[in-house]
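Below is one structure, written out as structure tokens, with a few remarks after it.
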Amino acid sequence: MYFHRQELQHKSKPSKPDALFARRLQEVLGGQYGEITVALQYGFQAWNSHLPGKYRDLLFGIGAEEMGHVEMLAVMIAQLLEKTPIQGAEDAAKADPVLGAVIGGMDVQHAIVAGAGARAVDSNGNPWQGSYITASGNLLADFTANANAEMQGRLQVARLYHMTDDHGVRDLLSFLLARDTMHQNQWIRAAELRAEGHEDLPVPSNFPISKEYREASYEYINFSDGAGAAEGTWASGPTPDGKGEFSYRAEPNKGVPMPPATQPDSRFYGTDPKPNKVEKVLGAVKDAVEKK
Amino acid sequence: MYFHRQELQHKSKPSKPDALFARRLQEVLGGQYGEITVALQYGFQAWNSHLPGKYRDLLFGIGAEEMGHVEMLAVMIAQLLEKTPIQGAEDAAKADPVLGAVIGGMDVQHAIVAGAGARAVDSNGNPWQGSYITASGNLLADFTANANAEMQGRLQVARLYHMTDDHGVRDLLSFLLARDTMHQNQWIRAAELRAEGHEDLPVPSNFPISKEYREASYEYINFSDGAGAAEGTWASGPTPDGKGEFSYRAEPNKGVPMPPATQPDSRFYGTDPKPNKVEKVLGAVKDAVEKK
Amino acid sequence: MYFHRQELQHKSKPSKPDALFARRLQEVLGGQYGEITVALQYGFQAWNSHLPGKYRDLLFGIGAEEMGHVEMLAVMIAQLLEKTPIQGAEDAAKADPVLGAVIGGMDVQHAIVAGAGARAVDSNGNPWQGSYITASGNLLADFTANANAEMQGRLQVARLYHMTDDHGVRDLLSFLLARDTMHQNQWIRAAELRAEGHEDLPVPSNFPISKEYREASYEYINFSDGAGAAEGTWASGPTPDGKGEFSYRAEPNKGVPMPPATQPDSRFYGTDPKPNKVEKVLGAVKDAVEKK
Amino acid sequence: MYFHRQELQHKSKPSKPDALFARRLQEVLGGQYGEITVALQYGFQAWNSHLPGKYRDLLFGIGAEEMGHVEMLAVMIAQLLEKTPIQGAEDAAKADPVLGAVIGGMDVQHAIVAGAGARAVDSNGNPWQGSYITASGNLLADFTANANAEMQGRLQVARLYHMTDDHGVRDLLSFLLARDTMHQNQWIRAAELRAEGHEDLPVPSNFPISKEYREASYEYINFSDGAGAAEGTWASGPTPDGKGEFSYRAEPNKGVPMPPATQPDSRFYGTDPKPNKVEKVLGAVKDAVEKK
Amino acid sequence: MYFHRQELQHKSKPSKPDALFARRLQEVLGGQYGEITVALQYGFQAWNSHLPGKYRDLLFGIGAEEMGHVEMLAVMIAQLLEKTPIQGAEDAAKADPVLGAVIGGMDVQHAIVAGAGARAVDSNGNPWQGSYITASGNLLADFTANANAEMQGRLQVARLYHMTDDHGVRDLLSFLLARDTMHQNQWIRAAELRAEGHEDLPVPSNFPISKEYREASYEYINFSDGAGAAEGTWASGPTPDGKGEFSYRAEPNKGVPMPPATQPDSRFYGTDPKPNKVEKVLGAVKDAVEKK
Amino acid sequence: MYFHRQELQHKSKPSKPDALFARRLQEVLGGQYGEITVALQYGFQAWNSHLPGKYRDLLFGIGAEEMGHVEMLAVMIAQLLEKTPIQGAEDAAKADPVLGAVIGGMDVQHAIVAGAGARAVDSNGNPWQGSYITASGNLLADFTANANAEMQGRLQVARLYHMTDDHGVRDLLSFLLARDTMHQNQWIRAAELRAEGHEDLPVPSNFPISKEYREASYEYINFSDGAGAAEGTWASGPTPDGKGEFSYRAEPNKGVPMPPATQPDSRFYGTDPKPNKVEKVLGAVKDAVEKK
């Protein structure tokens, strides 16, 4: 169960409206790595979790916090849009180039669709979608996804920070940066469920290794002509999963020949590989005879 | 530049056709974590890369290898579909329950749209999409995304392994498992560009820390009522970024009040917060007078 | 701020696993009119609200309740999937037609992607998307959208009720039906903000009526040849907005002619309406001369 | 059958081209609540209708009218785009800030993809999609959806009205406003099929009420801390469906505990809840022995 | 303007319901090359047309015919769904394998969402989308797109023909096949606007040829190792545009080196190419001093 | 297998950065007819091909070339974005209208998401998607799709040519124009597999003609009132498939009546066509009695 309290975790009030920045801020609300993504991602990981206790508690707790971040951003965007101008863009540009730039560069759906309100979309107006979520049932994989989400998210907030001088907005962004710092650290730490034996590298670690083609498991095979790849720590030395040694192959082995072209049922009407055959003519005759 | 050779990196030939498994195999071809995703993800990361040398060489090399994996899977799927039945599903089910199950459970677009061929979709027929790709310009974030992609990918291949007994298919899957093992290890190792000073935790590490709300950077704040979260390694001790100590707060501080409702230009026709006012009537009169 | 409690509003436990029904149940979790839609729709309407007080309180309250419904459904789906079989579908169908039907008819991504967990998708595997949400800033319009959402939602739950005999599942569905009954009644009642003068029909009611082409405002114009439409209550009598009388026109007035074809800049290379002209040849000569 | 006449229902000619407004106007052509939506929504409701006569005639008639509105808007947009500039945006901005604003703020696909023509997209360039349509087979639910669509549509047209001074464009918008007024009134009236006994509240009204958890059917349960919700007409008094009395509960009852974590087949490779167990090692040994 | 008549162009009545085939038939209603696509594609091409007269008349006429095809298919699908079973799929499979196959293989949204009605989706349940439409303003390009659409469409109908034995359904399909035959022939003929001088190959033909890199305009460059491509009619002889001679190059010329990695503003926080530099430390100090 | 070489097929270097043009250029990288589309389209057509030899070799060869075009465009876009400004848009507009226009008109996700890098999206930020691809198994249909793709692609490049004065960019565009010229010519030539008897018009040509409703196969039926369509070459004379004569029908034959409304199972809760019936009341009583 979720409960709502009409408070915000941190102050969320711009010094002045800014419809252009409102559009940009949509990215971290409704984009691929926005707050809706993490709120629902942690929720689904918790609901699908196979082990009770601290990991599921963590997922529930952070998921609920992120729902509050969705709210802080939506409320901020609505305030940034409060003075959204409504008039012809070209005329505005003639009268005042700055106003014209605002009308031309803002999210037009903020005005037309939401009447100066926040939306569940990214900064280009693409609707948020469920496929942004990752919840596989394997927590080492999913915590890695979570660490990535928090890294991409903090990166975007850091970029947005420089796209505004507004103290109120920057104040909120500085808070979000801090929470992303916490969440990055926390998922990296949680990935240490590896140390407790729940899971290991390579994910999934309990797939029987005998069923893997082990000759190819630790070999760097070079499919581009850059020589530098040979110098990486992935080309020699022990592997992070502690089960092998990296090796380097400068170009791939000769492959196997391309299998022959498939020949599906002729009633799929793919291109006929045997043109001009007699049967085709006979078939047409037979068909004409059987004509219903 | 890309060059193509009419060979496959590994044998890709099923023992017998299986339209049902062909559908399942689409997931690792055209799904969120399928081979199209990683092939193009590594490509975009390389094209957008800001540092030349071994990391970019690595991205180019693995990206090209993954294009070959796209091909191996597409060729396998076309072969699995080679005997796709074409007939009424209900009639088939009456005559032969197994045939009915095949027709009912296969991807109908494999038959109707592709004429027994592979498609750029996942196992539910959702088209692959560009938003599956992550390429932020920050390599520590992106290598974490890559590690996640290879974990999710290997996990899916491992599950698919048990959904078929076909030796030819399993042979290909065992090869893909091995390459995913390599790629997991390699991206984890590559993330060690952190050790070379290119980047650090938290990502992005060169955002000035003074602009972050540091009080909240290492504090676990509990928004759910699960007591277990306090016991995690994320609730006390040094943080993975080496810059702080985790602390635990059993419930959030009191927040700030919800800001007042916004009041945009009345011409957006949001709900009028001041009903029945005199001005409204006067406005209507004025409007009627000015009627064009 | 949102807080989570590790309880469910109502019991959510199936009598037995049923992977086929799990797929169907996804519709009311992640479909167009599923619980994610209403949870976020009410949230965005609240965050964008222009009038404080009871209407916003209502939106916050119901929005939070719906988040709990998302959770109940996700938890139910995970349990329904607990015994999801993992094996070849065709072989299963040979050994046991019922098992074959289960494997063939279930959501394959439940197995491959989520490892027997719930997903943010509908019953056909389409990801939930932000465009399912309506939040326009005009509460009479939005409450009508909400009433519709609860009607469509209750209709779907009622249909699902007959697709299972499981007492545990039906118990949850009977609870959801009841809450949808409440929510339908409540949004219809809330639409009575019209009576308080906040808004009126037609929406938006404060657009100056003098700027509307009033001759066409209450006239049924018949564009199909069905005579029945003339008998409806929309063809005569007073209009629901209380501002006019319905009339009926058996076929449309003669229209205005189609405007002439547009002639954009020739550098858009649309089809040239003036073929074979001399200038074209001359232009080619000139072009050849200027060849860089 | 549909027939086309090369006339428009109303004059659709701008006073002058305006590529910026053309983009905005796309919203009511190809957006969620644009004319394509209602044209096809009413069509599908008619084709799926279970009762012949006046309601189906109404759906067919209005659906055909809306196809003509699609046409009027597309023709208007093509004319607004007739003088679309084609040149470098930055250079244009240097030479003439207004021209720069036009090029910067217009829909770039209007130029690149459609060569100064209308498109089946919204004002942010999102393609129209079939999921915008609602056609459930239940006419009370669907007429409520239709009323909402006409409300959102008229709201958007009213906003657009203020974004242009062009008399020709405003003339068309004033006509569309009038037809939306008619259509709002008409769907609200048609929803009175409730009075004829075809359907009733709550939708669907013929689901056996004994199968609903009636204790929760008319109770407002407060999940947020706003006290105002208790004052609404949804918190006491008779319900609109005429079957109950609203009551108010200040906070939810205690819920039921979260069900235990699920334990799917281990071959889905979810995180192992029992780490470090002996069987795991034994399994690996057994696996190695059986290695094929 | 569009007018509707409550008749169908051809008989559209199945001999018996078939929910499985109803799903398949959705492909040619709401799929990429279904009737919604061509109905709207021809409409948009007409509305955007730059030359009046026979070509625009053709587009309007066929567009309206296709709207009637949308209707015939929707009506057929609704009838095929008339006896859609509603019950638990697994139980049905136990009682009757055929019934189980029907419930397992049908489109579940046909039942849950549309209540046994047609939908604006394809055979996998993907919603139709506006990006299926092509309308570029260049009629030679667009008529080629139209010819392709009619080819893909007829191909799909031909495949569907073999997936049913129902005489009523086949009767409708045989009619659609005939109209697709007509439409293929007609667009190929219409592409002869080339002969009238409106347009020519290569499209767009009025782009100044001097601005094209002519050395590469007629050369087959081999990027795969298949020798067969050299034998094609595209490797030698005159080109179809009548302006050149095909030539064959067995492998590409040496390319130009990859440009150096880009170096954007450091505030985008891409990976720092110069690690561990002194300035970095100094910057941190400066930042700390300036701390606001 | 694909191999990558760190070279570009043609020089790809702008004279100066231009973030506005970078956005426009995304169309031919990640749009419906961009290079990702053709690269993967030719790949899937090859993998699904049913006839070995020159046609498949052609598909593999051109597919690999197009992957290199994806790369050239991505590299160009990254360079165009190299000096992307990062600051507040409104403030920039105040200080410098040109800079304001750049920030307002660029793709904001280029900055926020990709950190000044290329993305797999079109010029409006819509992600590339798998449904852009056509690969039906029928090569005459697919080569027509390919010809269309190259026509639309060249058209877009020609338009883009006029949107920049940058010599470096124009140099790349002139090369792409040349390759599109080659590819248009080549697919038109390859469609001559018709002459070799693999396939013929109408596609698919081997569907038994006796099963087609031949009376309607060559008849132009006029559904709009434009008289011009009668004058086209599609209204009389021999048909391109060589199998008939075009005829012209000024208006459609009378159609067949609309079938009666469908009556699905009442448990789908569609609108009840028989209101107020006695059975309904009795049913409610019975239901109450059976109440579980």
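Note that the chains are named A, B, C, D, E and F in the order they appear, and that numbering of residues resets to 1 at the start of each chain.
Definition applied: a contact is a pair of C-beta atoms (placed from the backbone, for glycine too) under 8 Å apart; a residue touches a chain by one contact, two chains touch by 3 or more.
Predicted, not measured: the structure shown is a model, and the values here were computed from it.
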| item | value |
| --- | --- |
| Subunit D and subunit A - chains in contact with each | B, C, E, F |
| Result of counting contacting C-beta pairs for C-E and A-B, higher pair | A-B |
| Averaged-CA centre spacing for the pair subunit D and subunit C, given as whole angstrom | 5 |
| Centroid spacing, where centroids are CA-atom means, of subunit D and subunit F in whole angstrom | 25 |
| Whole-Å gap separating subunit A and subunit E, where each centre is the average of the chain's CA atoms | 26 |
| Where subunit B touches two or more other chains at once, by residue number | 1-9, 32, 48, 55-57, 60-61, 63-65, 68, 75, 78, 86, 97, 101, 104-105, 111, 113, 115-117, 121, 124-127, 129, 131, 136-138, 140, 155, 158-159, 162, 204, 207, 211, 223-224, 226, 252, 255, 262-264, 267-270 |
| Graph class of chain-chain contacts, one of line, ring, star, complete, other | complete |
| Parts of subunit F lying in touch with subunit C, wherever the complex brings them together | 155, 158-159, 162, 267-269 |
| Residue numbers on subunit A that touch subunit D, as the complex places them | 1-6, 48-52, 55-56, 86-91, 93-94, 97, 100-101, 103-105, 107-109, 111-113, 115, 121, 124-127, 136-140, 193, 196-199, 204, 206-211 |
| Complex contact set, residues of subunit D against subunit E | 1-9, 30, 36, 40, 43-44, 47-48, 57, 60-61, 63-65, 67-68, 70-71, 74-75, 78, 113-121, 127-131, 133, 135-138 |
| Sites on subunit B touched by subunit C in the complex | 18, 20-21, 23-24, 27, 31-32, 97-98, 101-102, 104-105, 122-126, 155-156, 159-160, 162-166, 223-226, 252, 255, 260-264, 266, 268-273, 275-276, 280, 283-284, 287-288, 290-292 |
| Subunit C residues within the subunit D interface of the complex | 5-13, 32, 53-58, 60-65, 68, 75, 78-79, 81-86, 111, 115-117, 126, 129, 131-132, 134, 136, 138, 140-141, 144-145, 147-148, 151-152, 154-155, 158, 161, 170-171, 174-175, 177-182, 184-186, 188-190, 192, 201-204, 207, 211-224, 226-229, 231-234, 239-241, 244, 246, 252, 254-259, 262-265, 267-270 |
